[in-house]
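What follows is subunit A paired twice: with subunit B in the first complex and subunit C in the second.
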Partner chain A sequence: MAEILLSEVEKYYLVMGVGQDVRVDGRSRSDYRQGDIDLNAVTNSHGSIRARLGETDVIVATKVDLGTPDPDRPDRGTIKFLVDCSPTASPDFEGRGGDELAEKICRILSIAYDKSGTIDLKNLCITPKKYCYVIDVDILVLQCGGNLIDVISMAVKLCLGICELPRVTGLRYDLGQGVPVFSTDEFEFDYLDVKNSPVVVTLPRVGRYFVVDASLEEESCSKGKLAFGVTPDGCVTSIDKLGRGCYQVKSIQAATAMASTVGANVNNTINMRIDSLRELKLRADPKPLSMPMDI
Partner chain B sequence: MEEEQDFKSVRGLTRSEALYPRLPLINPETNLRQDGRHTSNIRPIFLQTGIRQGAKGSAYIELGTTKVICIISGPKDLPKKVDFSTTGLLSVEVQLVGGKVPERDVTLIKECLEATILLDKFPKLILEIYLTIMEDGGSAMSACITAAGMALLEAGIPLFDTLVGSTLLYDGKDFYLDPTRQEIEVVDLTDQEKNDKGGGLITMGYLPSREQICLFSMEGKMGPLVLDSAIDVLTQTNLQVYSVVKKQAAHLLVQEEDDPAENTN
Partner chain C sequence: MSAGSGFDLKIRDGNNEKNTTLPTAPQNFVTPGTIITREPGFMRGHGTYVFKDGSLVASVCGTVERVNKLVTVKGVGGVYNGEVGDVVVGRIVKVMQKRWKVDINAPLEGVLLLSSINLPSGELRRRSAEDELAMREILKEGDMISAEIQSVYNDGTLALHTRSVKYGKLGPGTLIKVPASLIKRRKAHIHNLPIGISVILGNNGYIWISPLANGRMPGTNMEQDETDGQKPVLEEIKITGTDRFAVARIKNCVAALSKAWLPIYDTSLMYSYDCSMKYECKELLKPEALKEIGELVREQMSTEGYMA
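What follows is the complex of A and B.
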């Protein structure tokens, strides 16, 4: 992510502040910045969310298609992620610079959604071995203001929560093969059950403490980060150690405890937001709708 | 809709499925794992250095059927296309024979090695580390870490500490150390019914004398308390691996003929 140049004095001030539990913007170590969610930011998709947390800004859109399941997992549908780090987000993302980060984020998301079993992909199957729903999740990073992975994971969860899966109304017989046909009624759809899906909490280590939702300046003062995927009941679904630091065993255990409590809170807030967004969708017109996200 | 006989998609048993069927993790007759180990036993380790003459550092490790070679070359001058750097650079390549190593694993190993090696000791130079996984019978990443650590010792590269790695599998009830590939495949984390108990696969790279973790990767679903005890168990396992590495390192100090050191636990 973008490199921030800080003087030695500024770094000292930041690190000492974190030690006193008062960060540069006044937050405590486990506080999030102010956030906003916009619904229906992209009108020609099955669901889209624009999420802002502090200066970080991402748009997530989903598209649902008919596809064939993976031959190794014939009774499950698939969710595919594609991250695009636009050069407008940060000068580092020009050319191929953003691709490495994009791949890393894709990988973290795939592990969170595929390998943890927290989303029942069997619900996405229409006919085993033949047809299933394929959900394409496209993520566009508009501005990188620190804590990118967390914001993306929150936005992805919100977007999958409001994603409308069209119901299958019948079969169209094409050369003897029956192909499922989706309903064209915009009120005939199902929602995906994302209640248990994880949210990523990245904890960079600043000085001797871990901080939640770091800004760009705080990230530049940290040597390494731990990214935890946390479910609403506090279970951890993935841990990625990013960066070059080494950790004592007790540090990782402390970070796990912090991520577990903070992540469970965030996840439950997101679940409540998904419920309120779903209600609004039934009544709202497709113009963009904005609401705060209090975490 | 009637099931049509689609001969193209009839899946018979593949050869590996017939030869190695999915057996449960614990054999009910013996109450041990399928290969006769206790849940807390790691497989016997075969570790040998000096396998490639002319290479600065080299190591070969076997963990059961998992076989990894590590070759170290350098430090050498930076090639023209690489930017100038005031600290040393590392180039890490990990290959799997007959497969592809995911980018995430390569990055994890590279960052782990960057944290272990004293890069300030060779500024403007690049150190090349080549890892080849000849066979992945489970716990390949930790085998790579231990092999790389051993090869670095032989190459005499300045390090913070020796590097060892190990893997742990959790199926919802017990911890299985140093899992084989069959055991990892049995714990299918995507199966929703199993999900209430959870499960997970954790790999840890450890610096024993400094008591620091330099590589940590976890996937699955585990509660925080279980995770804490898993980390403690893995730390102890890493100390077992360290005792093997120490024996082989002692061989390096005493300038004997190159006979392989066979270390069993």
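What follows is the complex of A and C.
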């Protein structure tokens, strides 16, 4: 990720501070920075969220489409992720520099939502083998201020939580094929059940300790990171190692325990925010996009 | 306190965010493109240009100042343009032949010549070829320094020097960047605050906060007769938790002042430090806390007449 040039003395001050549990801005090792959410950042989508945590700023937008299911999994819908690391976020992302990171993040998200079994994709199926919902999730990184993957995972969960799936009211028979007809009523839709989907907690190792929500400076002083996917009840669904570094089994166990407690807390807060956002959206003027009638 | 309990994501409501405490714009405030005068006979200074019809137009946001026939616009924001005598905090970015290039938040990198520093051994002698080869041992890429601007080259490049005991390589501490226009030119820029923390308010907007005296790495850039041949060792410098909290608090106070667009100097910093004592250090990261401190300091300073 974006690395900045730091002097030996700054690194010494930072690393020793983490050891004494007093980080550069006074936080302890398990404290998060301040953040906020903006609803409706993007108008021509089915739902969008702009999330900020410290200096990190991302926008996530979802678009719901009609599609055919994967032949290997004919009774499930699909969620596709696309990450764009904009060059404005960091000089490292100029040209194709951001592509490697973008791919990595896409992979982490796909594993969290596809394979971990915490979201039931069968709910997205309309007609097995023929029609299903395809949700395209687009993520744009506006500013990289440290802890990028965590902020993206939080914003994605919020965005999927407020995503409105239009209800199918029937089938229209066209040359013998049954094509789903969607309701034109603005208030007839279903929400996706994302309560159990995981949130990523990245723990870089600074000195001999792991820190939560690292800033850019702290990431530049870290030797490798461990990214954990954590559900609201503290269950760890995935572990990813990023960067260079090796860990002893004891360290990984300690990090897993830390991620589990912190992640459960974060995930529950996100679930509460999803409820508030759904209410807020209903009270505001709903302007959903119309669904395409044919594929 | 359970882990991660400080986590909170607020849903922003656009209506609640209207800023009701904006100060009124001063007289003669102009924006780029505003015609200052159509009358001929005025000399254009910084921040102005002559339009094709002969009128004088402002090119920056700021206040118009007139001295006899010279009209200038003193910019309110914008990039740092150094002047001789400014104290700056910079980061070494390149080691070249007989000089270092320094990032000082200016349009061009500053230059620190090998002849503009005090040799570590404290001797006064001509720099030799061996000195040139040993430059990286004195200052290498990434190192932080405090320096004074010696001169300005024709192209605007700033030449720095550290020929004084109070300047030189900086020791353990932390950097915070603010807009350069918030740091006014004062008599002293290196402050050793009564709370045991030193703050260097660089004119270029880089602020160095450190628990060491003058922010400096001990054992470097010493007076001629103070050298005892010992090289400073980083690992021997111990910093207590109390000092770290003080540094963090000052850092958050600087962020509060910067957010409220208040000038930053030792008095405003100490005011904000006192105001911040009712919060825990990490609570200062909350936007409400920052806003409150900004308002309290603004009030205190306007009653004491500092806002002139």
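Rule of thumb we're sticking to: the second predicted complex is superposed on the first by the 284 of 295 C-alpha atoms of A that agree within 3 Å, B and C clash if a C-alpha of one lies under 4 Å from a C-alpha of the other, contacts with A are read in each partner's own complex, and residues count from 1 in each chain.
Everything below uses one rule, namely that contacts are C-beta pairs under 8 Å (C-beta built on N, C-alpha and C of every residue); 3 or more make two chains touch, one makes a residue touch a chain.
Just so it is clear, the structure is predicted and the values come from calculations on it, not from any experiment.
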item: Touching partner for A:231 - first (subunit B), second (subunit C), both, neither; value: first
item: Contacts of A:118 with subunit B and subunit C, given as first, second, both or neither; value: first
item: Which of subunit B and subunit C A:269 touches, first, second, both or neither; value: second
item: Partner chain(s) touched by A:76 [first = subunit B, second = subunit C, both, neither]; value: first
item: Which of subunit B and subunit C A:34 touches, first, second, both or neither; value: second
item: Residues of subunit A that lie at the interface with subunit B and also at the interface with subunit C; value: none
item: Contacting residues of subunit B [partner subunit A, same complex]; value: 1, 9, 11, 102-104, 107-108, 111, 114-115, 160, 189-192, 194-195, 198, 202, 207, 210-224, 227-228, 231-232, 235
item: Residue ranges of subunit A in contact with subunit B within the complex; value: 71, 73, 76, 103-104, 107, 111, 114-118, 120-122, 127, 129, 171, 178, 226, 231, 234-249, 252-253, 256-257, 260
item: Subunit A contact footprint on subunit C (complex, rising order); value: 2-12, 91, 93, 141-144, 170-175, 210, 217, 234-235, 237, 239, 241, 244-245, 247-249, 251-252, 280-282, 284-287
item: Contact footprint of subunit C on subunit A as seen in their complex; value: 5-10, 12-14, 16-17, 20-28, 30-39, 51, 53, 154, 212, 258, 261-263, 265-266, 269-270, 273, 276-277, 280
